[in-house]
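Take a look at the following structure, please.
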Amino acid sequence: MTTATQAWTRRHILSLMDFSVAELDMILQTAASFREVLFRKMKKVPALQGQVVTNMFFEPSTRTRSSFELAAKRLSADTMNFAPGSSSLSKGETILDTAKTYLAMGTDIMVIRHKQSGVPQAIAAEMDRINSGVSVLNAGDGLHAHPSQALLDLFTICRVVDPEKPRCEVVKGKKIAIVGDVIHSRVARSNIWSLTAAGAEVHLAAPPTLLPELFRELAVGTNRKLFVHWQIDEAIADADFVMTLRLQHERMTDHLLPSLREYHRGFGITAERLKSCKPEVKILHPGPVNRGVELASEIMDHPALSLVSEQVTNGVAVRMALLYLIGSSKANQYSHS
Amino acid sequence: MTTATQAWTRRHILSLMDFSVAELDMILQTAASFREVLFRKMKKVPALQGQVVTNMFFEPSTRTRSSFELAAKRLSADTMNFAPGSSSLSKGETILDTAKTYLAMGTDIMVIRHKQSGVPQAIAAEMDRINSGVSVLNAGDGLHAHPSQALLDLFTICRVVDPEKPRCEVVKGKKIAIVGDVIHSRVARSNIWSLTAAGAEVHLAAPPTLLPELFRELAVGTNRKLFVHWQIDEAIADADFVMTLRLQHERMTDHLLPSLREYHRGFGITAERLKSCKPEVKILHPGPVNRGVELASEIMDHPALSLVSEQVTNGVAVRMALLYLIGSSKANQYSHS
Amino acid sequence: MTTATQAWTRRHILSLMDFSVAELDMILQTAASFREVLFRKMKKVPALQGQVVTNMFFEPSTRTRSSFELAAKRLSADTMNFAPGSSSLSKGETILDTAKTYLAMGTDIMVIRHKQSGVPQAIAAEMDRINSGVSVLNAGDGLHAHPSQALLDLFTICRVVDPEKPRCEVVKGKKIAIVGDVIHSRVARSNIWSLTAAGAEVHLAAPPTLLPELFRELAVGTNRKLFVHWQIDEAIADADFVMTLRLQHERMTDHLLPSLREYHRGFGITAERLKSCKPEVKILHPGPVNRGVELASEIMDHPALSLVSEQVTNGVAVRMALLYLIGSSKANQYSHS
């Protein structure tokens, strides 16, 4: 782990758009070592003892917040939880002032989720402007990015190919379909960047209302392999992995989809449909799953097909890796000023 | 403690219906040793360090959740709290999928409360089906069971008779009245099983709307001593202990009771009424108490009569014992798969 | 620190009305030593390991609760949070019974906030009556007192004058203006007691609707230096420190103020207005700030003028000091009974 830390240079993790293969590999390698810790009887390491990780989830979340909180605790950090409900925000305080308050209390790493794209970036910029030394970890901002989810997806995919040494190289040339509500998905956006950077072929599939042609543009002028499909068949033919996205019920009231049943008929993953994939195909989903919509129940519960539980387990390991990489290289600089 | 652990065989604690005297004694003995820890300046032991206890209180609770959380912390476990309000449940995820998510994050013990009877059992069955190795501790399900409450009541009663060595034997033949809303009480149901198993004579007392004759059937064909009374007098005459149950205000709107005052007149515990009990009678109540309804204020505050505070203190010790017994014998097996 | 602890005699911290200079100095000295801990990489000390600090915030709060929670964690205490929303209170339990429940679970220190003045005092009195040995720390009660805030303000002011050795003596004769909604401010009330005890000249300034003449009476017959102004100019002329108070929006609907703009014109702190102060004047605000109302944004963000972040940082150190002083001298006595 020493090598990884010495080479790590980013203070914040906000988006995966410009992550290099070397950086992704560093994360995968660090996550692999932490994943081993999770399977010991004693699942803790003292790496961040005495440091403070503050979860600022302006948009409520149980699953991702629990995963980050557990990751922080297993690194022996102290955690604070900011609860927007009973907070100063309702008293007219700006988000930047709220962030500065938690900085002044001694926060070393801020894990931030906000329904508006760009909030973690804005806080990170302000933290740098005042030379705080604090790190910001984007836990999902609007429709923009959800880097820790995409990194746990990459880690999970790499581990299928080589459980001993997960690294970008092993997914080179693999065909990965991302099926569902791409346009509203920060998970999809972050996965597009990391998976194509790793050399995978990414095939997006959704009805046109949920997947504008514009997505092709993301790869123009690069050597990223990205394809857009408005039918599922081509997208999943010979696929090595099928990543399904959560369908929000709001999409129906927004008139972007006729009905959940209609969606399932066109894009739901069923045993029948998987016959066109590679025989060893695996299914991912960021959860929570609408059974019978994105995935047939039989697929979700099939231990040889579904990586859903594996993703959750790997999520803790990957988040430990991210907190460790950005956290162990420095203490809260601001405090020293 | 070594002996107790070696002999402990249950993975889950869901109901006390089939608990043997040997098992109850093991819990009482372990709780007694943890109760001593609570009175040290340093109230922690490293027994569950690195293990994760997840509190899944689908039905909100401050008191029982705090007690379990403190018990877990004093065993040095890490704790996660599942908050149904802002959770995936509202996003259409099934309860079993939610439980599997917390399993996949690395939970070793799930402490589950749900307003529907049977939910902890269903989760435990699923956890076993997939060979997860996870333990489920029922923290109250519907009208069914609340084992940790009944065990802390048993522990409290035994300690009155023999503070040095609380064990079932010491309550053999003691007369214990359980007064109040028996039909809606999971506390009463669990106490019936544990107290009669320990050899106590249990006398239930309530108006017929809150205590159907059917309760007699629970002891038919066994040597359990269980009696049903629709007047309080016989139930508490010569009683060694009077356990009062909380009266929910909903019972009035359900037309099961004319008024709180009426209830207090018929079944409330007063100094006058206690004259018919044994001189050394003690009063229990699971809390929170409606002063002047189940108990006259003077009784609740009487240090020689009321065991209410003692029950709360013992609750932490008993929950430490339960977490310790089911937790220390195994690590999260599922994680190893 | 040994000397400080040996001399500390108060079990509770409820109000600063009768605090001596010696007691204030003890707190300042202890806070100074803990402030150093905050700037280490390893920000924890084992002082309260195994003890339980229960945050009972009947009135919701993110900022103060987080500060107390972090202070407790950095002293290695275990923390419990009482959440009034889902609590027994809504089930008809009295506040004293709720407090006794947390006592019986093993609480050593209760940190209490309530919108009604006097609740922490009532709980402290009951805890003493039953010889519990538990300490109560008032985290803000109604319009009455907010001692930890006033102590962090005093600490912050003293550190400006002498960062090495903050003590009351250094603020003797300093002119400190407290500007804003004095009548509704528990922060102002507590600051009046501590700052005048330390020997500072305190000048209150607000429109008459927010500052009755009665406030002069607080100093009558004492040698405390306290002045009331209904215009800001005299209050801040040659001031060494200007402490601004938060203006609640409710004041407008209560018809105590015409508008926020009007208030800002009359009592808002601007660069122009500060010209009449001492050249080295510093600005305090308990937060959260209404930018452009109590303070012009340029003042709040001015690193040489604003002590707002410094106050937040010092808040953790001062709260560590308070918990340490009242907590390290005794264990939960009640438990031993």
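By letter and in written order, the chains are A, B and C; residue numbering begins at 1 in each of them.
Everything below uses one rule, namely that a residue touches a chain if its C-beta (ideal position, glycine included) is under 8 Å from a C-beta of that chain, and two chains touch if they have at least 3 such contacts.
Every value quoted in this text rests on a predicted model; they were computed, and no experiment measured them.
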| item | value |
| --- | --- |
| Cα-superposition angle relating the copies chain C and chain A, to nearest 5° | 120 |
| Self-contact between copies chain B and chain C, residue sets same or different by half | different |
| Distance from chain C to chain B - Cα centre to Cα centre, in angstrom | 41 |
| Per-residue overlap in chain C, given as positions that touch at least 2 other chains | none |
| Chain A partner contacts - residues on chain C that touch it in the complex | 38-44, 60-63, 66-67, 69-70, 73-74, 246, 249, 287-291, 309-313, 315-316 |
| Footprint of chain C on chain A - complex, ascending | 49-52, 78, 80, 82-83, 85-88, 91-94, 97-98, 100-106, 331, 335-336 |
